[in-house]
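Letters A, B, C, D, E and F mark the chains as written, and numbering starts fresh at 1 in each.
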Amino acid sequence: MGIANLTWGQALMMGVGGVLIYLAIAKKFEPLLLVPIGFGALLSNIPVAGIGGHDGMIGQIYIVGVETGVFPLLIFMGVGALTDFGALIARPSTLLLGAAAQFGIFATLIGAVALNFVPGFDFSLQDASAIAIIGGADGPTAIFLASRLAPELLGAIAVAAYSYMALVPIIQPPIMRALTTEQERAVVMQQLRPVSRLERMLFPFVVLLLCAALLPSAAPLIGMLTFGNLLRECGVVERLSRAAQNEIINIVTIMLGLAVGSKLSADKFLTLETLGILLLGALAFSIGTAAGVIMGKIMHRVTGGKVNPLIGAAGVSAVPMAARVVNRVGLEADHHNFLLMHAMGPNVAGVIGSAVAAGILLALTGT
Amino acid sequence: MGIANLTWGQALMMGVGGVLIYLAIAKKFEPLLLVPIGFGALLSNIPVAGIGGHDGMIGQIYIVGVETGVFPLLIFMGVGALTDFGALIARPSTLLLGAAAQFGIFATLIGAVALNFVPGFDFSLQDASAIAIIGGADGPTAIFLASRLAPELLGAIAVAAYSYMALVPIIQPPIMRALTTEQERAVVMQQLRPVSRLERMLFPFVVLLLCAALLPSAAPLIGMLTFGNLLRECGVVERLSRAAQNEIINIVTIMLGLAVGSKLSADKFLTLETLGILLLGALAFSIGTAAGVIMGKIMHRVTGGKVNPLIGAAGVSAVPMAARVVNRVGLEADHHNFLLMHAMGPNVAGVIGSAVAAGILLALTGT
Amino acid sequence: MGIANLTWGQALMMGVGGVLIYLAIAKKFEPLLLVPIGFGALLSNIPVAGIGGHDGMIGQIYIVGVETGVFPLLIFMGVGALTDFGALIARPSTLLLGAAAQFGIFATLIGAVALNFVPGFDFSLQDASAIAIIGGADGPTAIFLASRLAPELLGAIAVAAYSYMALVPIIQPPIMRALTTEQERAVVMQQLRPVSRLERMLFPFVVLLLCAALLPSAAPLIGMLTFGNLLRECGVVERLSRAAQNEIINIVTIMLGLAVGSKLSADKFLTLETLGILLLGALAFSIGTAAGVIMGKIMHRVTGGKVNPLIGAAGVSAVPMAARVVNRVGLEADHHNFLLMHAMGPNVAGVIGSAVAAGILLALTGT
Amino acid sequence: MIGESLWLMLIGMSIVFAFLMLLVVLLRGMSWFAARVAPVERLDSSAAALPSGGAVAQTDVIAVITAAVAHYRARH
Amino acid sequence: MIGESLWLMLIGMSIVFAFLMLLVVLLRGMSWFAARVAPVERLDSSAAALPSGGAVAQTDVIAVITAAVAHYRARH
Amino acid sequence: MIGESLWLMLIGMSIVFAFLMLLVVLLRGMSWFAARVAPVERLDSSAAALPSGGAVAQTDVIAVITAAVAHYRARH
């Protein structure tokens, strides 16, 4: 009988799994990952069965795909194949917004270390770095970094990252409104210039070579992202591009979700650390958003009012949700001002920015 | 020269592989699995090449996918994503028909043990359990259990399971006719009520939680089945549902078939045991069908004639063939009585029933 | 900083990777493989990151898929599922053209051994065999054989094989024109008879059984090729055929390309051996083409002028490019003479021929 | 071993029937429950309404996890 | 090693030609066979007729395996 | 550790900004370069013209690799 061996922790974690699935289905909360993660938590907490254990099916998937880092990197390849970097190429200055929003990551790092003053917390610098990356608002990056720096926190970090990404439409607008004036929010931006096919094809190489030259520790992430993007843009490997955008990313998402779910065990998840991680995650998103908007305001000044500071909020990534939030808040100020395309630049810049930040944390705190 | 090293056993097994492929193609005998199994047998019995051996390609696929249990479980996920449990939800009492039909499994278990009285047979209780599951009429369940309890019999058990599943249209009708009266077979059943989306979404959780509470050893099978079904029914992960129904199940079917085929070697397949397994397999299907029909007759009495006892035969699973057979035999008695939808309930109940039976055998005879 | 650790060799190899990608995109040079190979070379030569190393992502893909031989064999399965052998079945005598063209392989073997007289070269017989197979003009066969006989040369061999396959439209025509008369090139061939479904289904078995009987060392290659072709032709496993032709081959192509690219390291690629391999590769293609055309001339004589000797050039395989080249050169001689269908027979015969040659080399020089 | 297998049959069929009969009861309960909440929580419509009204509910995940942690720690 | 490679060329080309010439013969035989049985065993039509008439043939698998086992055991 | 993390923030944000500002410059350069070569090297049209005119360019791969090997060997 399973129920006779059921511990309180397992029961609670099955409840957590159920809640994640409920929110994924009923509230459309990042369902592609939270449904498999939640179900993985359910399966792995079934007493006696040991599905998430070393010899269990999900445990084996974890070893093959997550410990090696292969699954998040394959997802990043798919993200590259699915992402249109045109808006960024047309207006490269939006990269600065993507850079500023990474402040959320590094501020959270300090927050995590500061939390050690509270009794019961004992985060190492590696732990703090893995937690901080939640502020990057990028699921595969967070899972990749956590699998490298703090595997025992991986479950909580992944859940926090995807939960807050789903909460972007609630977390961001008040911050955006608080930091900008009505007038700033109403700024209409100049239309983006068209981008040639050659520019699109050169883009992945420029990004990769800069990364190879300056920050090799980010090369796995940036490398797979740019590889996927090259498959998309080069125009001669349509079959492979479709495979990266569909088959591979779908199959890996199912496996990755189940594997991450197997880390939602009571002894690792129902801890004070998890509460700290949830707290810090909210902090990270808020600070990242604020930093992005403030950089937007600076660019607004410098350009003589050509930049709408709202688009800075999209720099946290969370593609494409953050860009849609920008669009929505912009429409509140002026019903004819569509900022979506303008926010896509900082939005995809945020993906590169957080991969860069992950590379920095890996290089400076990794063993 | 390969032919100089060809043993009689290899030649015969290549013949067996050829026959399986012939029946798969010419007679549409479960072709999706018997074509790869048959070809796997051909390839693995090529002398000298060692394709099915430890270092050979198919041998490696076996180690990675079958020994670990991952392949049959992924197929079960696909089955869950492909199966509509609506008929079962609309009339849960048909689960009793699915329960009764599992009698075929346990009667066969006794038969396998009894066969030990015949000189030359020496089945352990594990062997007998793995053989008995053929009566479950469910390919991935049989392969999963055999890989756990009796790997050396896996080839014969898989071939017997798929062969008899293909023989369902021949094995079942005489038994169904012998056990029912013309009047019983002509019973027209009440139309099924519609099932809401919420019910469909809750169904996998109810099944999984019951399994977790009472029978954790069945949790890998039931878990992946219900996970696949949730992907199908939750409506927010269409991409993943399609991946489970197509890419994953197709790729795994090819690999699983080849891997199972590599177990069709003369020393393990051309044995007295295989003849016993074939004999017991026929017994298992016949007894399962009879038990299902008898339970159908009991429900016919208890409900005052509302249940057509024929639908009990669909309780062996073999989805959807057994349900079609029920429909055909029902039409013989009354040309306007379509039982297909009514037989789908016990049919999918049989899938759950045999996974439960597999869990019981694993818990009680596994090491 | 990556750039501080960049060696000259790595910089040059990144340049080589870039050139491969440039040619793949700008010149449509076998892009499906050269884009991933080139990008794999870029990623693997990033200093410090170690992506192609033993613990790196691409290094792990290499171990799992290339060292085991699984990836090239899965691609060969896809080739089988994509290839229509109808033209060969309709006119089996074209197999002789496929046989003759393999002379390029064995002549190159002598060339490689002879190169040892030049100071700086020291090819073993295994090395020479793996180099010679470039003349087979078949990518997966070359990668499979190189992974078995000369893993340290794999990068150079794969790049040479795909490069020369892309160069087929430049290498072949002058040789074809030099060896044939205007009159021969203008020969109009008899239309091919229709081929029945039964013949198409029996074909893979005939090829496989002959291979099993005479040359088991070619059985992995021929086995997966014929398995893929049976999935295509048997007509009852449409799902699996589509999976082999699309999902599996696309996913494996991406992985195989990256993995092969990781072997493009300076110490293994920027060697005198690579120059020798490039030289020998050109030799192999030229001799293979010449041998095919000469056999075409012999068949022209023997059949009393019914065979256009140009179709012999298609015997090197490089499906379907070599057949298109034949068609083009044929049209130069007679603007109404379409040789494409007639060249498809020797073209697919060349695939079987080079797999047979690979089996011979493996049996005679493998350890 | 015959005795053992007879016992296996008895216990096995009992568990199978017990399991599936319990499932009958649970599925009936589930359908009753679904029918009751269906008018309240029409998943389709709530999902459609998300962009504007789903905000408050989404913070639930944090609240639920916090409660679960508190509960668990209270017992250890 | 030059001698060895020359020998490899000779033996190799001989096997390639022997193999593919044998394949020519076998494919001719296959086509002849297919033409003969085609009117008898039109696979498409037999498959289409399966639901009603395919019953007897399907029991073949059991018979064939039984015969194979008997054959094999007789020799060991 | 607070000091360490402060230092991490400083160095981290500096690298992020340095990296992405450098990328701004490189992307501007890239677009300038693309605009310059675009009329010369219209990839689409060159690809379309391949069957007849692409011949010479294709031999480049051999030339480039040969040059790279020579270069590398000269330094070792």
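The working rule: a contact is a pair of C-beta atoms (placed from the backbone, for glycine too) under 8 Å apart; a residue touches a chain by one contact, two chains touch by 3 or more.
Just so we're clear, the structure is a prediction, and the values are computed from it rather than from any experiment.
Comparing mean CA positions across the assembly, the chain most remote from chain A is E. Both chain B and chain C derive from one sequence, and where they touch, under half of the residue numbers involved are common to the two copies. Distance from the chain B centre to the chain F centre is 56 Å, each centre being the mean of its Cα atoms. The distance from the centre of chain B to the centre of chain E, with each centre set as the mean of the Cα atoms, comes to 30 Å.
We define each chain's centre as the mean of its Cα atoms; on that basis chain A and chain B are separated by 42 Å. Touching two or more other chains at once are residues 41, 43, 47 of chain E. Across the assembly, chain A contributes 25, 28, 201, 211, 214-215, 235-236, 247 as residues in contact with two or more other chains. Residues 1-3, 5-6, 14, 18, 21, 24-25, 28, 31-32, 35-36, 39, 42-43, 46-49, 51, 56-57, 60-61, 246-247, 250-251, 253-254, 258 of chain A are the ones touching chain B in the complex. Note for the complex: chain F touches chain A at residues 1-2, 4-6, 8-9, 11-13, 15-24, 26-28, 30-31, 33-35, 37-38, 41, 43-44, 47.
Against chain D, in their complex, chain B makes its touches with residues 88-89, 92-93, 95-96, 98-99, 102-103, 105-107, 109-110, 112-114, 116, 125, 128-129, 196-199, 201-203, 206-207, 210-211, 214-215, 235-236, 349, 352-353, 356-357, 360-361, 364-365.
Put simply, chain C touches chain B in their complex at residues 68-70, 73, 201, 205, 208-209, 211-217, 219-220, 223-224, 227, 230-231, 234-237, 239-240, 242-244, 247-248.
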